[in-house]
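The next block holds one structure in the form of structure tokens; read it before the comments.
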Amino acid sequence: MRLTPTQMAWRAAQDIEDGAYVNLGIGLPEKVAQFQPPGRQAIFHTENGVLGFGEAPPAGQEDWDLINAGKKAVTIKPGTAFFHHADSFAMVRGGHLDVAILGAYEVAETGDLANWSTGPRGVPAVGGAMDLVHGAKRVAVMMDHVTKDGKPKLLHRCTLPLTGVGCVTRIYSSHAVIDIVQGSFVLREKLAGLTLEALQAMTGATLHTDGPVADLIAPEL
Amino acid sequence: MDKTLPDLASAVAGIEDGMSVMIGGFGGSGSPIELIHALIDRFLATGHPKNLTVVNNNAGNGHVGLAALIEAGMVAKLICSFPRSADPVVFTERYQAGEIALELVPQGTLAERIRAGGAGIPAFYTPTSYGTDLAAGKPVEEFDGRPYVQERWLKADYALVKAHRGDRLGNLTYRMAARNFGPLMCMAAKTAIVQVSAVVEPGAIDPEAVVTPGIFVQGVVEVANPVQEEDLNRANARYPEAAA
Amino acid sequence: MDKTLPDLASAVAGIEDGMSVMIGGFGGSGSPIELIHALIDRFLATGHPKNLTVVNNNAGNGHVGLAALIEAGMVAKLICSFPRSADPVVFTERYQAGEIALELVPQGTLAERIRAGGAGIPAFYTPTSYGTDLAAGKPVEEFDGRPYVQERWLKADYALVKAHRGDRLGNLTYRMAARNFGPLMCMAAKTAIVQVSAVVEPGAIDPEAVVTPGIFVQGVVEVANPVQEEDLNRANARYPEAAA
Amino acid sequence: MRLTPTQMAWRAAQDIEDGAYVNLGIGLPEKVAQFQPPGRQAIFHTENGVLGFGEAPPAGQEDWDLINAGKKAVTIKPGTAFFHHADSFAMVRGGHLDVAILGAYEVAETGDLANWSTGPRGVPAVGGAMDLVHGAKRVAVMMDHVTKDGKPKLLHRCTLPLTGVGCVTRIYSSHAVIDIVQGSFVLREKLAGLTLEALQAMTGATLHTDGPVADLIAPEL
């Protein structure tokens, strides 16, 4: 019992307001763009200097000068704007984005995020993640609630190298929607069939509630 | 999404007493005269907004635009680099009477502080003003053997900017040297209100030629044939006319 | 004044051992493949330049362009934000063998450090990386109650940049998202060398649409039909081909 | 016996290389543009966001969106570029200009310049002067050698509020061309009929020489 990654993307998309400026992290968060609720249109920003880009072109029609931060081909649509990297990160760091949705290895109840390094082995790579966590009015993460071997990824404190301190405001996990409020996990939604106790057992820090907890529902996708 | 506003009055309706307002332009070039005059109209009708802190490169010329805003008594403080002009009498009198405060900032520092405000850079170092009276009280640090002055970002509640073309999403182009502070002020203000000569459909502006991407703009209002401060001053105009 | 250069070989002739070289592009988009390959040609013919410090967002992909530059053994240090790609084997092997140094910089900080280098700002503060390993050893200061990390400007001896059109004075336009780091690197390098798809006469580029004004550019060389790194990699290309 | 302001501008123009990027201060220095030697073409920068602008338009044909830092109408020519104020001062502060020529109230042998304030009376105004003195590879000033009542303006130390510290490299005065080298005035040229002793008497700090002193010659203009 869990949401699929696609269902998590669908759920995250429901919270994006019409007209919001949104940056979607490389990988899983990119799917969020596919699920904009009817009547709403977000404007997507990519770090490499495009605002208001469109969907992927058909295979074979890519223009490799027109890519997103994940190096995938995109398209322009009416109202697209191009700009250089300093202007692009002025948008990010200057707080002009409404929403950034990132992947996460670990999130702490403090709002600390770890999503760029799994430790000293391998080649470190950070990209724009450390900027994005300080840029948007809302910084949300999409993540599995636990690791592949069942260990909590929502923690009292992160164990992996941090991407940012106290930056995450909402978590869309495979099992719940959780806000971070003044250093605590506050549960907003959980899978209907999952007890609070079971969810707590999967979570590395105390889950608080400050009102009704809704059922986390997503369509079959 | 549609950022266009129906008229000048609604464009300036949100500016409240005590707010900080960046006003685009270098002298008359790029000065959003119609937005400024709409703000004066509101003040004359309602007594608000007043006690404004205004950021502009200059301090107005003659008795129109920014000078008229000052003359109306709406401006408590001016942050600028060059409060002189062909006819600076309005600012000069208020300043010498102690009725308006002045923060004098070197022009490049002013531009960079505004950009920093828009770019999330709370402070930076510049060689400009080192060793001068305008660096008094500011931290100094040495880098690579040379001293630099620490300057802080500058943000504002509102920006009033004149651009050339704007689409419904707020993407803007400017006209020649009227660009000056406009793109920076749009970045640094919570609410950037822009008068454009023509509102166009999204896509009408080449994505390569967008100077201010719409993310920095909150409102666009069309003023099809904007006046030039220089032309008004050559005609000895005043605003409002009744005050002449 | 004529900043055009006759060919790729002369365009890269001034780069010496140990120099710092900014290379434009984000992944393959905007990567000046022809300039990079000309630099490799020179190294293969003369043994120079080597021990380069290269600044780029990435670390190359496959066995062409920046990856080929690294593979040729010309790069002593890389300053980048994201040394991963679809095929990062060249950099990864050199890095893990301790044959190339890496300075990892968050992408927005990298862009801002380069801009600062070009704009005469020796240091600035950013929230980015505060509290992380990448802020280790850097000064931290609090502004308005929030902690920020001090970052230093980044300059280079050379920039190798790909633009779209360029005139004899060095005014440039770019093509879509290939703009990325190009305008910043032109600002921050002592000598900015730019490959363009077309050299045009001054005046052919609308003054409103100039992205990089010529003052930031020292050399322009025409490469009429530039290759795309992505296309080369899909064809499993290597540079030089003989190494395949 | 002195150079007229126009002759000073002519003299300053002789030192500007072909292809140099030049910013001319408001007022007297603006005249320098009129005297580019044959075969040389400088590219002029104005703080308010124009590079490579052309001459003044005929009266009545001004476009008030196209002005220079002195608020005077200019024109475009092939190769002109427009940009915003932060980019404009990146050109200045970043050292991209070859030459800036400014007016001066006082210059000290230290290279200190005072040209923005005559003291606490009146309205202070600085404009771009404090940026320009740190921006160009060569920062030159054009100035009368003495005040209207005959007092030196080239001094041991400035008495007026400073624009910049140690920034001036060459002085084009009404009577001489003087370089500032390691904290000393070094005389390069003086009016032919003027003795070194007479020039020294008009100068508030020691004039040094490190080679032949040429005659300062300018055509009748």
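Each chain carries a letter (A, B, C and D) given by its place in the written order, and its residues are counted from 1.
Everything that follows uses one rule, which is that contacts are C-beta pairs under 8 Å (C-beta built on N, C-alpha and C of every residue); 3 or more make two chains touch, one makes a residue touch a chain.
For clarity, every value in this text was computed on a predicted model and none was experimentally measured.
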Mean-CA-position distance for subunit B and subunit A (Å): 36
Subunit A-subunit C separation of Cα centroids, rounded to whole Å: 30
Contacts with 2+ other chains: residues of subunit A: 76, 82-83, 86, 89, 92-93, 134-135
Subunit B residues counted as touching two or more neighbouring chains: 112, 115, 119-121, 126-127, 174-176, 207-208, 211
Category of the chain touch graph - line, ring, star, complete, other: other
Complete list of chain pairs which touch one another: A-B, A-C, B-C, B-D, C-D
Interfacial residue positions of subunit C with respect to subunit A in the complex: 26-30, 57, 59, 81-86, 88, 91-92, 95-96, 102, 104-112, 114-115, 126-134, 174-184, 211, 228-231
Residue ranges of subunit B touching subunit C (in the complex, touch as defined): 112, 116, 119-127, 141, 143-144, 146, 148, 152, 173-176, 206-209, 211
Subunit D partner contacts - residues on subunit C that touch it in the complex: 1, 115, 117-121, 167-169, 171, 187, 201-203, 207-208, 210, 213-216
Complex contact set, residues of subunit D against subunit C: 18-19, 21, 41, 43, 45, 51-52, 76-83, 86-87, 89-97, 134-135
Residue numbers on subunit A that touch subunit C, as the complex places them: 46-50, 62-67, 71, 76, 82-86, 88-89, 92-93, 112, 117, 123-131, 134-135, 161-165
